[in-house]
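These notes concern the structure reproduced below.
Order as written gives the chain letters A, B, C and D; numbering starts at 1 within each chain.
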């Protein structure tokens, strides 16, 4: 059983009718309903909950954290960001969606600005699978189309991903590295581009399949925790 | 259920008593006994069987192929190598062990000489986990020791691995990239260094755990098979 | 001084007026004229020359080999391919252009089919720089457009490149990893997509700049040649 | 001409006679003297200078910054760290030496703890070249030995490096990824392990050669600065 926590800042849905029309119970609820399967135990957390719903206890019982944020990035407390960061390095999986590219936690893990080009123009996005060996691409066609999405364009200022799985084509002439994996410490991270709040992206079957695959991929592997610091020799030194 | 075929050239065991003392039923039998668990359906194949035990039919019902070869590399027919190569590109996992670095199939997949330094001196090897986030390291300590092994030393002439999981230390002063992953086509490949025929390496719990983890990691992911060749436009061209 | 040999199969130009209209002296001559600068000593070689112009002596005085081939891949003798392969592993740089993706030498170095999608439709290609730190991108804008090119689309069946520098957008709806680096042995390889024989791509300033940058990047680095084979211990074994 | 600034916290040398005996004018001075060649314009900066010697102006005229720090990491002001970080993302090269693994700037760029094992035991280190195609390995033997160094051991908690060039063997039984490259934004980063303050490591010819090679490799490439933010379509949208 993989314990998943879906974190959503849950602000647009309360403010903009255009958003709540699409996600009446919030983006987190739509994703939770969409990815649910027998091997996943799914909970949610939001910005305005105490400790943003991310207490030590809540994180300790989370195997994979999904992160959606946008207008509220600056409202996330640094201490909570630090706590999530530490948990990722200790093995918790992290899936960062769409505008989460600018979240404090993603920027802290990447070490770069995570900046990019963007445009809202009811634009077609076509997502191509460039690593068909990867488990996150399981059951995903070689390409699929989202009829209307926000455009994100290169240069996307991230470290070269460990694995590049998906690349997007946009109607207006841009490309984007849309599905990227990273290992950091004992934790696995997947960034996945689609999901603007005003489009029904999180009801798309392929998008949901990819997120579900990513959850299983990102679950902790259970390697031994490395020891750090002053280390006794395992072999004799200077006695030969 | 993952269908595993363990291929062993099975020559040393018939010729050298020192080897058959260690592996009386062959290296393949020792690995089969050692990695067996409920989710694995394990078979074996050897060089001197018809088509080296690797008929089209046998390969088609194999999800992950484990390869051990050494003195018989040149006896493996090119047509069979080509067949295995194609199956890997189509998604079959491949785990290449120890002296398999010089097998025709590994060299064909790597595109390099796969050459290295070596020495037989009853030497201690210590294997360090350098990617503790990786599923192949699940349950593996941060380091473990094989009291006597053949030394393999850098430079190991392979492409930079997609992921480097284990690095070996040798008593005589060398290091080696001992656990390396590669994606090729829809297939996943893991090279794992230990396993000289005259040492009881394939009875070591950590070695067996790593091979078992690798089998699960290398099992086909089931992404859509890419279409190739002449492709019709998905969007209108030059009509704007 | 970097010694460059530009290899072109030089067949289309002799057969198709549409091609010789664009490249009257051959693609190799256009590239040679276009990339010429004071630090480059440039020669050419073609398929129908003796040993395809790639004698041992010719290769030994080549630091970087540029390869353009298409309809004549099968006419390149295996022994010459083997010779070029060996020289790359020994440090010669190799730049593979466009339809060279299907050349024997590129397939042998990659270990994959190198297959892809394609279409000839007088189509717009836009090339995006996704690694602006890379020397091959020096002086290149963040994107530039080729008004008419042949389309190449994903999935491109290559190993994950060591570095991905350029990604192409195509008018008809596809994307492509267009600028990819690989290290193999002591040699450096750059694959660069543009350059269909019927379009004036090799007169484009950005295309020429990228090829020139790649030549400088791919020139041999001069690291020590690794020793192979049986290796004496550098430290005492088993005497502790 | 590449403008190099060598930054050294310059504390141990003032406090510990054992260190000033080895580096009477400071580690920075030894490196400056050791790597000097005609194409390098070398300056130095230290912690106790105003703005740690790293004013906007000083950084703007620096192409490659070399960083050595240890006991004074916490004394480096966050605003200066932020300034250096920004300059790296804008293209300045950064070479982080030895105990600089724990500097604020390296940790901020990596996004991980950068923790490791260590031991001071007058121990032998042997450095192996695992990527002999890399320009940082130019003229470097396939292995070389430092008779006495501090040990650093895996697991080294960094992102998987873009390129792994050197791996160290230690007498006491550990290994370490000692030469690692990273691209971040438009900047190139090289981490190089050797250089404990109490050993004469920065007089070693191979160590100096590697640092000099790294300076040339890390110098800004001069790609176009990517545009960020709201982006106008390059192609018509939704009008087809």
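Note that in this section a residue touches a chain if its C-beta (ideal position, glycine included) is under 8 Å from a C-beta of that chain, and two chains touch if they have at least 3 such contacts.
It should be emphasised that the depicted structure is a prediction, and the values quoted were computed from it without experimental measurement.
K.L.:
From subunit B, how many touching-chain steps at minimum until you land on subunit D?
P.N.:
Contact-graph shortest path, subunit B to subunit D, evaluates to 1.
K.L.:
Report which interface contains more C-beta contacts, comparing B-C against A-B.
P.N.:
Taking the two pairs in turn, the one with more contacts turns out to be B-C.
K.L.:
Please name the chain that ends up farthest from subunit A once chain centres are defined by their CA atoms averaged.
P.N.:
Centroid comparison gives C as the farthest chain from subunit A.
K.L.:
Between subunit A and subunit B, what's the gap in Å when you average each chain's C-alpha atoms?
P.N.:
32
K.L.:
Could you pull out the residues of subunit B that touch at least 2 other chains?
P.N.:
Subunit B, residues with two or more chain partners: 126, 129, 131-132, 142-143, 153-155, 160, 162-163, 171, 173-174, 183-185, 226-227, 234-235.
K.L.:
List the residues on subunit C that touch subunit A in their complex, please.
P.N.:
Of all residues in subunit C, those touching subunit A are 126, 128-132, 142-143, 153-156, 160, 163-164, 167-170, 173-175, 177, 235-236, 239-240.
K.L.:
Show which residues of subunit B lie in contact with subunit A when the two form their complex.
P.N.:
These residues of subunit B touch subunit A: 91, 126, 129, 131-135, 137-143, 145, 162-163, 171, 183-188, 221-227, 234-235.
K.L.:
Quick check on the complex: what are the subunit D residues that touch subunit A?
P.N.:
Where subunit D meets subunit A, its residues are 89, 108-113, 115-119, 121-124, 151, 153-155, 157, 159-160, 162, 171-174, 182-185, 226-235, 237-238.
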